[in-house]
Amino acid sequence: MNSVTAQPSLRFDGIKPIHGDECTIKSNRPVNGEYRLMVLAASSKLLDCEPGQFFHLLCPVTGDLHPYLRRPMSIYGYYPDAGELHFLYKVTGEGTSALATLNPGDTLNVLGPLGRGFDILPRWTNLLLVARGVGLATLAPLALKARRLNRRLTAICSARSEDVLMSLDYFRSLDVDVIAVTDADGTSNVDHLRFIIERLIREDGIDAMYTCGSNRILNLLQAVGKTHDIPGQIALEQQMACGIGMCQCCVRAFTRNGAIVNERVCREGPVFDLQEAIGC
Amino acid sequence: MNSVTAQPSLRFDGIKPIHGDECTIKSNRPVNGEYRLMVLAASSKLLDCEPGQFFHLLCPVTGDLHPYLRRPMSIYGYYPDAGELHFLYKVTGEGTSALATLNPGDTLNVLGPLGRGFDILPRWTNLLLVARGVGLATLAPLALKARRLNRRLTAICSARSEDVLMSLDYFRSLDVDVIAVTDADGTSNVDHLRFIIERLIREDGIDAMYTCGSNRILNLLQAVGKTHDIPGQIALEQQMACGIGMCQCCVRAFTRNGAIVNERVCREGPVFDLQEAIGC
Amino acid sequence: MLNLETQIGSLTLKNPIMPASGTFSEELAQVFDLELIGAHVTKTITRQKRSGNPTPRVCEVRGSMLNSIGIPSKGVEAFKTHVIPFYRQYDAPLIVSISADTADEFAWLCEEISVPGVDAVEVNISCPNIEEDGKAFAMRPSTTEAVIRKLRSATDLPLWAKLTPNTGETIDVAKSAEAAGADALVVSNTLLAMAIDITTRRPKLGNLMGGLSGPAFKPIALRMAYQCAKSVTIPVIGCGGISTVEDVVEYLIAGATAVQVGTATFIEPQIMVRMVDQLEAYLNAQGLTDIRQLIGSVEDGEASDGLVFMEAAP
Amino acid sequence: MLNLETQIGSLTLKNPIMPASGTFSEELAQVFDLELIGAHVTKTITRQKRSGNPTPRVCEVRGSMLNSIGIPSKGVEAFKTHVIPFYRQYDAPLIVSISADTADEFAWLCEEISVPGVDAVEVNISCPNIEEDGKAFAMRPSTTEAVIRKLRSATDLPLWAKLTPNTGETIDVAKSAEAAGADALVVSNTLLAMAIDITTRRPKLGNLMGGLSGPAFKPIALRMAYQCAKSVTIPVIGCGGISTVEDVVEYLIAGATAVQVGTATFIEPQIMVRMVDQLEAYLNAQGLTDIRQLIGSVEDGEASDGLVFMEAAP
């Protein structure tokens, strides 16, 4: 037999291998009416992750559910010591419905870690995170890293209503200042958000802003960022096939130096410069 | 809503409806190294069967197994009183492998009963049944019916070796005279079979012969039938798509009045006149 | 009040669900009341008796099937004697599918079959035209036009032309069929494909190659149905891979006026009658009252102007 | 001693497994050692920078996918500067896929890209030829022949012509490509298809239609590969729906000299290198010593004489 190995022979500089692996499900439970948390037992090579990176999941084919392509899912938590990989997901279609059928002891084929995560530059000490819905999944590991790097983090968490607001306790346990806003309370509108953010800038100063997804929040943070000259980053989504940069299906448009450029969300992203991003 | 019903409005004469139904698996166990017995809980409408008829099974899609078409399976037993339908099957490919994964409590979609079963004409009192391998599955219910009709039945059961010989006890419990022959013993060859059959004809007389499948046995029984002018029937197999007569994929050639005619195994069969059948 | 009625030229169907030729027969009456579906479409017949292709005639491919049944036919006389009377018991219109090797024989058969009890003739022009080096009529616009003209003058019944996906000229073929007088297009027949048993190294079909049908074929046939609906004004009947009510809706949105269900009936013989029910339920759930609100409602915007005629996808 | 080596004209591949254009890139080196596969085939490039099609560029269909990536290209200069040097690190031959809207530009690009480090040029003739009302070159024998002739005189490198399944003239196109000097055929590119989101009623692809690839496409591409292998003497490289080692074996038996793996790499990025291993294991298990014992070994008997040219399957 050929001595075929799974080991990549990297001929790029400074780029890490991508691993495909079968992981065993430790648990896979609803967190609230909309979201589920899946905990996988993962080998350490999979857990050399950065906040903002994602995995590409091979959802099972079961009964009436026939997902074919993999599904991208942000890393909600990676714990090399516990050997755990966490995903927080919302059941929206065929693939995520199939994910929801997995039971402890079943296996799931994951590919990753993939993409470029969030930066925390040395001079960024006061961080602001604004997230809505499942976007929290993407931003959660950033909080852990911020704490490890001893940065101060404020998280504005937005949701439809109190009961689908997630991760607040998790954030609080990391000493994050949490500001919860909801549609139900009428506290999640752009004007109010702007008011809160402007106050934070005034009172504490903010060195960098992080967000993901929502157009409304993107537009707001771009405006605030321009006004106060605060840099930021955003994690974006796009439909994916390969997840590692081969197919070019996941491009989004960005403005850079006055021109429009297409970049691959799976490769140049999913984290991009806040000001370069274009909503959709 | 339209008052759509599953009830066929039969406009054929004397033909029964065909039912599609989800049945619950009661058990699904290996009988020996090669065969498995599956017992389904079935409603009484499904159990209005004739020996020799078959069902068309929608094998489950599971993991790596993706059977698409249904799979035809002879009725091994139908028990209206117990509400049970039995299949005896051999795992040979994708569909039967998928069947083997079913556990008690799972459901299986079955369509039937289908096709034309065996005849036992009033004047046929001494019956001979010659079967090999899984052919026994097809012939087993004939034994039960023969007994109900008070006919005398001799069964020559042939197999590779003793340990894959099935149903002997079942046949004996029905007062069938069982003659077991095996390749291992060297008792299953054509010459020896012919010897046994000729002796039966001489000693007891035989009014009709039943068999299925094997070319070797078909040729032998055709020769014996011609010599002694004994009628017979054979159950045949052919790849099927629809199972009910629409697609014409399941045809086999027969000789009738000196000409070659094509008939549908699922419809005109699976039971055919012994002398008209052509081996393959 | 929900309206499932659809109009194929002069013919009104009480709902848009009918079987595809070759995947339907009298025997299905043992499974459900045939009156419940929109129309009855019979297996293609030829003038003479024919025995069809060698077995194996079907094989499975991933999530679909290939067939090379050929056209076993008892001949037109047997059909008139035994089959037409059977369907006269029903109000649902009877569509008879016919085929022939030459245009003249085709026209002869078309005339022959234009008898009471038959409501439309579906002409299967996807089979070889022996006058044109064996190419099927529907492979080219010119041969399509020629044969449909002859067929048109052979009958006063509605004429449905069944197209083949094996051509690179779908749109031109569709336009030719319309120009020559077809009343509707059935889009489409099966796509030539192959499978080999790696153990025996033999083709899995006795006939070497056969037609792909079933779910795998849907995106291809749907594309064709869309292209045709955009290119002609006669009704397009979608056919290919339909196995759920969502598939039916997808074809209607793409522009099909009705659909034919083929292979799915082999897997689930009651599927057509269930689809009729589910289509009603779907309309209800969507707050729609008439399937005409679905037909051709695709939101293709400006893109459709140029791109309908796209022929390759690199 | 097992021999997996295969010969594509003057080029020897150490095994018959290579990627399909557009489903492979430098990034895959993060997943496995690229030296282990038979060759490297790059995404089609054009002369100029191009941005490709609108998103969404992919969608899922039952057990397969559609794509309308288009040909986003950084242009030939960027390719020569950044991509060719990367692959020079490997011994595996580099096959560069190119395309253009006109035959002359195509030939220009072909010459431009015939530089050290490039071992063969794959010409993607499945894209529109703007001089012929937008029909792709490979839709017709005449346009295929014309463009391949120009390409032939533009390079001394082996020339692989990549065919389209969207034509009704596969065999004639294959023969034209051979006659005009192609050294091998890649069979084939994706098949035009469509899917509509029934909730929004919008086409699922930004570009309205796209190409079907993946398992659903296999029986169609296999049929084409078989037809081509029977019709030409140059090697045929099978491509379409290959996702298991059994699929590889099926293509080899059908007559393919090597295969390209596309969509399967998206599902399982290590699949190609695993297939190399499994192909060895398969040969061992079958008591074979050389993949040439598989190539073209289909047991098609006499049937093949007439039926290869079958074009429709009623």
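A, B, C and D are the chain letters, set down in written order, and residue numbers restart from 1 in every chain.
Here, a residue touches a chain if its C-beta (ideal position, glycine included) is under 8 Å from a C-beta of that chain, and two chains touch if they have at least 3 such contacts.
All values reported here derive from a predicted model rather than from experimental measurement.
Peer 1: Using each chain's Cα centroid, which is most distant from the centroid of chain D?
Peer 2: That would be chain B.
Peer 1: Count the C-beta pairs in contact for every pair of chains, then give the pair with the highest total.
Peer 2: Summing C-beta contacts for every pairing gives the maximum at C-D.
Peer 1: Can you give the whole-Å distance between the Cα centres of chain B and chain D?
Peer 2: A distance of 48 Å separates the two centres.
Peer 1: Can you compute the centre-to-centre distance for chain C and chain D, using the mean CA position of each chain? Integer Å is fine.
Peer 2: That gives a centre separation of 32 Å.
Peer 1: List the centre-to-centre spacing of chain A and chain B in whole Å, with centres computed as mean CA coordinates.
Peer 2: Result: the chain centres lie 59 Å from each other.
Peer 1: What are the residues of chain A that contact at least two other chains?
Peer 2: Where chain A is concerned, no single residue meets two or more other chains.
Peer 1: Using the touch rule from the top of the page, what residues of chain D touch 2 or more other chains?
Peer 2: Those would be 22, 61-64, 67, 69.
Peer 1: Using the contact definition from the top, classify how the chains connect: line, ring, star, complete or other.
Peer 2: Drawn as a graph, the chains make one closed cycle, so a ring.
Peer 1: Can you name every pair of chains that touch?
Peer 2: So the chains that touch one another pair up as A-B, A-D, B-C, C-D.
Peer 1: Which residues of chain D touch chain A in their complex?
Peer 2: Spelled out, the residues of chain D in touch with chain A are 22-36, 43, 51-52, 55-65, 67, 69, 72, 86, 89, 214, 263, 265-270, 273-274, 276-277, 280-281.
Peer 1: Which of the residues in chain A come into contact with chain D in the complex?
Peer 2: 1-2, 4-12, 15-18, 20, 58, 66-70, 94, 111, 238-252, 262, 267
Peer 1: Flag every residue of chain A that touches chain B in the complex, lowest number first.
Peer 2: 60-63
Peer 1: In the complex, go through chain C and note every residue touching chain D.
Peer 2: By the definition above, chain C touches chain D via 22, 44, 61-64, 66-68, 70-71, 99, 124, 126-128, 134-136, 138-140, 164, 166-169, 189-196, 198, 200-203, 206-212, 215-220, 222-223, 226, 246, 249-250, 253-254, 297-300, 303-304, 307-314.
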